[in-house]
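Note that subunit A is present in both complexes that follow, paired respectively with subunit B and with subunit C.
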Partner chain A sequence: MVLVILRRLRDLVLVLFVVGTTLFFLLRSIPGDPAQVLLGTKASPEQLDRLRADLGLTGPKYEQYLNWLGNVVTGDFGTSIHYQQPVLQVIGDHIAPTLTLAVTSTAISFVLTVLIVSWAAVSPHNWVARFVNRATQFGLALPEFWLALLVVYVFALNLGWFPTSGYTPFFADPVAAVPQLVLPVAVLVIGQTAFFTITMEEGVLGELSQPYLRTARAKGVTERRIAIRHVLPNAMLPVLTTVGLNFASLIGGVVVIESIFVIPGLGTTLLGAVYARDFPLIQGVVMFIAFLFVAVNLLVDLTYSLVNPKVRVA
Partner chain B sequence: MIRDTPLNQQLPSRRHRKRQLPRRILAATAAVLVAAGLASACNSQATGTNDGADGPPVKGGNLTVRIAQDPGSLDAVKNTNAGVSYISHEVFEQLVTIDKNYQPQPVLAESYQKSDDGLAFTFTLRQGVTFSDGTPLKAADVVASLKYWVENGSYAGSLKPVLKDVTAKDDATVEVSLKRPFNLIALMAASAGSEIHKAADIAASGPTGIPNDRIVGTGPYKVKSWTRGQQIVLERNTNYKPPKGPSSGYAGAKRAFLDTITYKIVADEDAVLNGLKTGLWDVAEPSHDQYDQIKSDAQLKIKVEAAANVQYVALNHNSGSIFSKPQARDAMNMLIDKKAIMAAQGVPELTQPSNGAFATLTNKNLYSDAGKAKWEQNDPEQAKQMFAAAGLRPDQTIRMITTDEFPQFKDALLVIQNQLKKIGIKSSIESYDFATLMGRKNNKPNSWDVLALMDDGNPPVPSYTDNVNGLDNSGYPRDKLAPLLEAYDRAKTPEEAKKAVDAIQGFTSQNLPTITLYMAKNYVAHRPNVGGYDGWGMEFADVWIKK
Partner chain C sequence: MTATLVKKAGAPPRRRPLAPVASFARHNKTLVVAGTLLVSITVLVLVLPLLLTDPNATDPARRLLSPSLDHPMGTDKFGRDLFARWATAGRVSIGMTLLITLCAASLGTFIGLVAGYFVRVGSVIMRIVDAWMAFPSIILAIVFAVVIGPGMLSELLAVTIIFTPYTARIIRSRTLSLATRTYVKAARVSGMGPWKTLAVHVLPNTLPLAVVQCVLLSAGTMLIDGTLSFLGLGISPPTATWGNMVADGRTYLQEHPTMVLFPGLSIAVFVFLLNLAGGSLRAFVDPRARLLLTQQRRRRKVRA
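Coming up: the complex of A and B.
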């Protein structure tokens, strides 16, 4: 196990190196200049040149790269041009809202998925199974932004049950935080639950055709026990992968939800950084997201062996 | 009132901004917000007045104001984000600033004098003024601030070659000496970058400006807290010493009724409207799309600003463009139906004809109709002949570029494209985020013909606006423009200044650095609990919350 983790850490360093290096040169090759964005259209060429120099954006690119790489190795990801703060501090300030959304919505979706699929597996011919079959398609087809606008219109503007937008850190004021989280989390849960459910149903269908079930039935094991003890744990493995990857993609990918519900998360921060050509911040956020992807993948792989001890992580 | 605001971060005075963020998001998700800011270059003159209907002022309470993006810093010199000037003018003061009629008025200066030859300005500082931390204001602070502004501020660019020195004669007197006459007071008054900081804070400034832990000014409010990406809270500055005279625009004595002003950072336009309706914030600048909806809501009030942004298309004078030829520029002017483009915006209350002027009708000092007759020309058939005479080949495509951060620009280009198509001329439209657009304009100066943008309808001096200065790198005859701008700077009487403005307007009309399309007004919506708000842009130092 220790070897596996060490190997993965080696891979993580490699991934971050490739992502960081590619991004560094990519950002500097696209049109757009942070100095121009800061100083506006009326800045003189001299003023722009001076600011570029102050920001470390002049000189050969390889020199800039080596400087950046040297700093990153020592844990210094630079200073955000827009926020005037260390990149890691900006990420730290904005990761909590995104993590709150991602963790809450993923956890609720996962539990709902297990409950729904379990019910459908135990009683495959009842109305729940049939309803789930259709509802998942519907849930997948609903565009998130549309659903978000709809729930705001119905539950916030008309019924007044929840605020239209806003974010309060949960531990700072749970009473204010929970109502603000209900609508954005609900929107995410609908799409995610549909996605997880379809994935898990596929797994269940695959397991149901396995010969070992025939043996189990021949030994007199009940259908309920077959479903709960044998089918569902095995069908869970692909769901874990899906949940893991989906969670990682939520970290940088809930821009629409963050925008509509005015949640100051990492997605909108990254988007703003791109518009402002805040190179250090873009690089830092993207590398952080890459780190999360690798870390979550490792976590999922390790969880595999817990769910099914026969699985060995390579 | 928004000043020193780059186009990428300006709140657009137009109806389509409602969809700005979703469009951005779609574009960004396909590729990867800005502002802001992105935000209007619109100086504002209040049409609304506080006529006493709000009852007597009440001290206390919090006003929540929505802004489009976290400004990053409050250094108005090195950060031209609109949010900076929104907030910084509550925190900082200038030697002189503009009143609601755009006239310069002393604030930190008790008085100022211009030498007979126009080469020296002497400012006498108001006595007893302190910064919010209790440090007395001294001439050294003013000297450091003005030098910092001239050296680094993009809007002070026209002053830099003219400036000889800024010196402190004593603790209360500052002299600015010039190499030639220049309209210093107008530029200083209208530029947020000329705000006065402590000399020690200027000395601590880094590449992107004065650090945020050194936001110390002499204004009616000071920064209480700043939660990145969420909100900035100001609180009353108990050390504030107001200037004399009633509050007017940014000038006059501010009474600071509010305990706090909270600026909520909200980019999404739908969220802005929803928050206004449900009371999450008290004041916002919604999009033009939402104007009718807000107007019909009895719970919300609207103040339409009298001033406006100038929406324009710049013509590329560089040799690689057909518009390097004067006949082609005249042909384009003859072709474009400016009033049709204005009508297409769909909100008549918020638009008005530009008449070809680089300043709004309400700006009596700078408005000139010297180019009106040419601006009103519109004859597609004649335009077709003029394009042919200019040498436009049948297979030649007119390349139009703009930014998708302000959809009204692309709307205008689509109308122009249709008008070009009707006379058999091919054209293309490419739309980018602001940074990419500027990159293309600067790095590939011959790769475009027409560029749609907007600029401040109340420039402090004529040279300040793209509609006088042009946008291209080399082809525009600035050498011939320079003496006209200098004549304006040398003007000793309003009549001389007006004559100079007419000459400048005549020059731009003849050379067409841009073709102005229309003026777009901004508006502010607020909840009925807001008292004393006169509609002067986003200035709230004299506002109170009604009980």
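Coming up: the complex of A and C.
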């Protein structure tokens, strides 16, 4: 077990190294002088030189790279040009909304998926079971940015049930925070639930053809009990992996949702950094997202090995 | 197989020429309906711009009109006819989707073939491919938009890079099993070079899989294309795309919700049809998907 974790931590470092290095050279291959772009044409040569030195843009490329690498290893991701703060601090200030959105929507989707698929599995002939497939296909087809605007139009602008945008930290003021979270989380939940449901449906069908079910039926176990005791727990496992793999597209969705609902999370920060050409911040946020992705998948795999004894071998 | 043999043995010579087509259509209703609709929408957006006014012609006297007979989708803040813009946007969105899908599928097929056939190189390639897959697609597209500048090229590169690994993995696993077939080995033994063997014996057998993959990929491509255009990181105005039309309409959501509704709905419907078509096509090449489909059909029948 310890060995597995160590191996995964090594992979984590490798991924971060590759992502960071690629980004470093990509961002520095942009034609033009970032310092000039940032300060405009009226800047004096002294100002330009000072900013270049601040950005680590002096000296040959490999020297810049080694400097940057040394800083990163010691936990220094540089200073955001726009915020005038260390990159890590900017990330820390904006991580809470993103995590709130990601975690709540994933949790709700997971529970919903289990409920829907269980219902369909226990009573396969009612209307839910027959419409699940088409509904999930349609749920997968809805563009998040469009769905978000539609729910804003219906539930915020017309019915006035929820605010159109904004974000309040949950622990600062739960009464104000929850209504603001409902619409953005709902949009994320629809897409995710559709995706999880498809995975779990396939899992259920895979289990249905297993020979142990014939044994159970021969013993006289009822269909309902077979579904609940045998099929569902086994079908749930692939969904767990899907949660991890889906994290990448979830982050993509969160970026869009944050920008529509004006939520000050990592997505908004990244888009802002892109428009402001804040290279240290872009690099920091992207590396952080890569880190999150690997960490989430590590967590999922560890949970998986806890739930499923078959894969517990190191 | 047996059915055709039996038919040949005591077959009545009279045979309706369209019978196989009709039978195919009866057994694959979803595929036929979805396919027909997809083709009709594509033809529609190809033909309509020829008949309608210039999508970029402004008319300050007719700003922000609601849908009417003259302007079926209304007009925008410059007085441009939104129906004409919708049609040209469809051309761009569907065109970009096709282009990106073709690039990703051919690159993915190539990588998959090489990685599956040359095993040692393959394992290294697949490591890299796995690392690609790990990356949030929107984030990658954002990075490319920064490096190259937002537009068609950055979108093409970013989305191709995102979707290539999926095809590569599937084609590789197929190639791995094909490479052990006797006819492939026979070809090698009889002196055919590895590249020619790949092209003549392996590639044709992976093509059905690649085609299905294409359809499924294009659904994802269209969604990402829409999202990037919406964020202003894809093809930029004044060229209309369904994504940037939604972004344009966003300001007028309260008064003119149709400006957001129509282009977004077009994306949703198109992607939905692609998903349906891809799902039923998958049943031809993937036994798991076939099982899923028959199971669902049985479910529906019991009730009906």
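Please note the rule applied: the second predicted complex is superposed on the first by the 288 of 314 C-alpha atoms of A that agree within 3 Å, B and C clash if a C-alpha of one lies under 4 Å from a C-alpha of the other, contacts with A are read in each partner's own complex, and residues count from 1 in each chain.
Basically, contacts are C-beta pairs under 8 Å (C-beta built on N, C-alpha and C of every residue); 3 or more make two chains touch, one makes a residue touch a chain.
Computed from a predicted structure; not experimentally measured.
S.K.: Contacts for A:G272 in the overlay, against subunit B (first) and subunit C (second): which applies, first, second, both or neither?
M.R.: After superposing on A, A:G272 lies in contact with subunit B but is clear of subunit C.
S.K.: Identify the partner contact of A:I116: answer first if only subunit B is touched, second if only subunit C is, both if each is, neither if none is.
M.R.: Neither subunit B nor subunit C is touched by A:I116.
S.K.: Does subunit B (first) or subunit C (second) touch A:V255, or do both, or does neither?
M.R.: A:V255: touches subunit B and subunit C.
S.K.: What is the contact status of A:F145 with respect to subunit B (first) and subunit C (second): first, second, both, or neither?
M.R.: Once the two structures are laid over each other on A, A:F145 reaches both partners.
S.K.: Of the two partner chains, subunit B (first) and subunit C (second), which one does A:L232 touch, if any: first, second, both, or neither?
M.R.: Neither partner.
S.K.: Thinking of the overlay built on chain A, is A:H82 touched by subunit B (first), by subunit C (second), by both, or by neither?
M.R.: First partner only.
S.K.: Touch test for A:E202: subunit B only (first), subunit C only (second), both, or neither?
M.R.: A:E202 contacts subunit C only, not subunit B.
S.K.: Which partner chains sit in contact with A:I289 here, subunit B, subunit C, both or neither? Use first/second/both/neither.
M.R.: Second partner only.
S.K.: For A:A102, is the partner it touches subunit B (first), subunit C (second), both, or none of the two (neither)?
M.R.: Neither partner.
S.K.: Can you pull the subunit A residues that subunit B and subunit C both touch?
M.R.: Shared contact residues on subunit A: 30, 145, 149, 152, 157, 255-256, 259, 270-271, 274, 277, 282.
S.K.: For the complex, give me every residue of subunit A touching subunit C.
M.R.: 15, 18-19, 23, 26-27, 29-30, 124-126, 129-130, 133, 137-138, 140-147, 149-150, 152-153, 157, 201-202, 205-206, 208-209, 248-249, 251-252, 255-256, 259, 270-271, 274, 277, 282, 286, 289-290, 293-294, 297
S.K.: In the complex formed with subunit A, which residues of subunit C make contact?
M.R.: Residues 131, 133-139, 142-143, 145-147, 219, 223-224, 226-227, 230-231, 233, 243, 246-247, 250, 253-254, 257, 260-261, 264-265, 267-269, 271-272, 274-276, 279, 288, 291-292, 295-296, 299-300, 302-303.
S.K.: How about subunit A: which of its residues touch subunit B in the complex?
M.R.: Touching subunit B from subunit A are residues 30-34, 36-44, 47, 50-51, 54-55, 81-85, 90, 93-94, 145, 149, 152, 156-157, 160, 163-167, 255-256, 259-262, 264, 268-272, 274-277, 282.
S.K.: Quick one: which bits of subunit B touch subunit A in the complex? Just the residue numbers, please.
M.R.: 4-9, 21-22, 24-25, 28-29, 31-35, 38, 69-70, 72-73, 78-80, 152, 154-155, 157, 160, 206-209, 211-212, 228-230, 264-268, 270-271, 274-275, 277-278, 280, 405, 432-436, 438-440, 442-443, 453, 464, 466, 471
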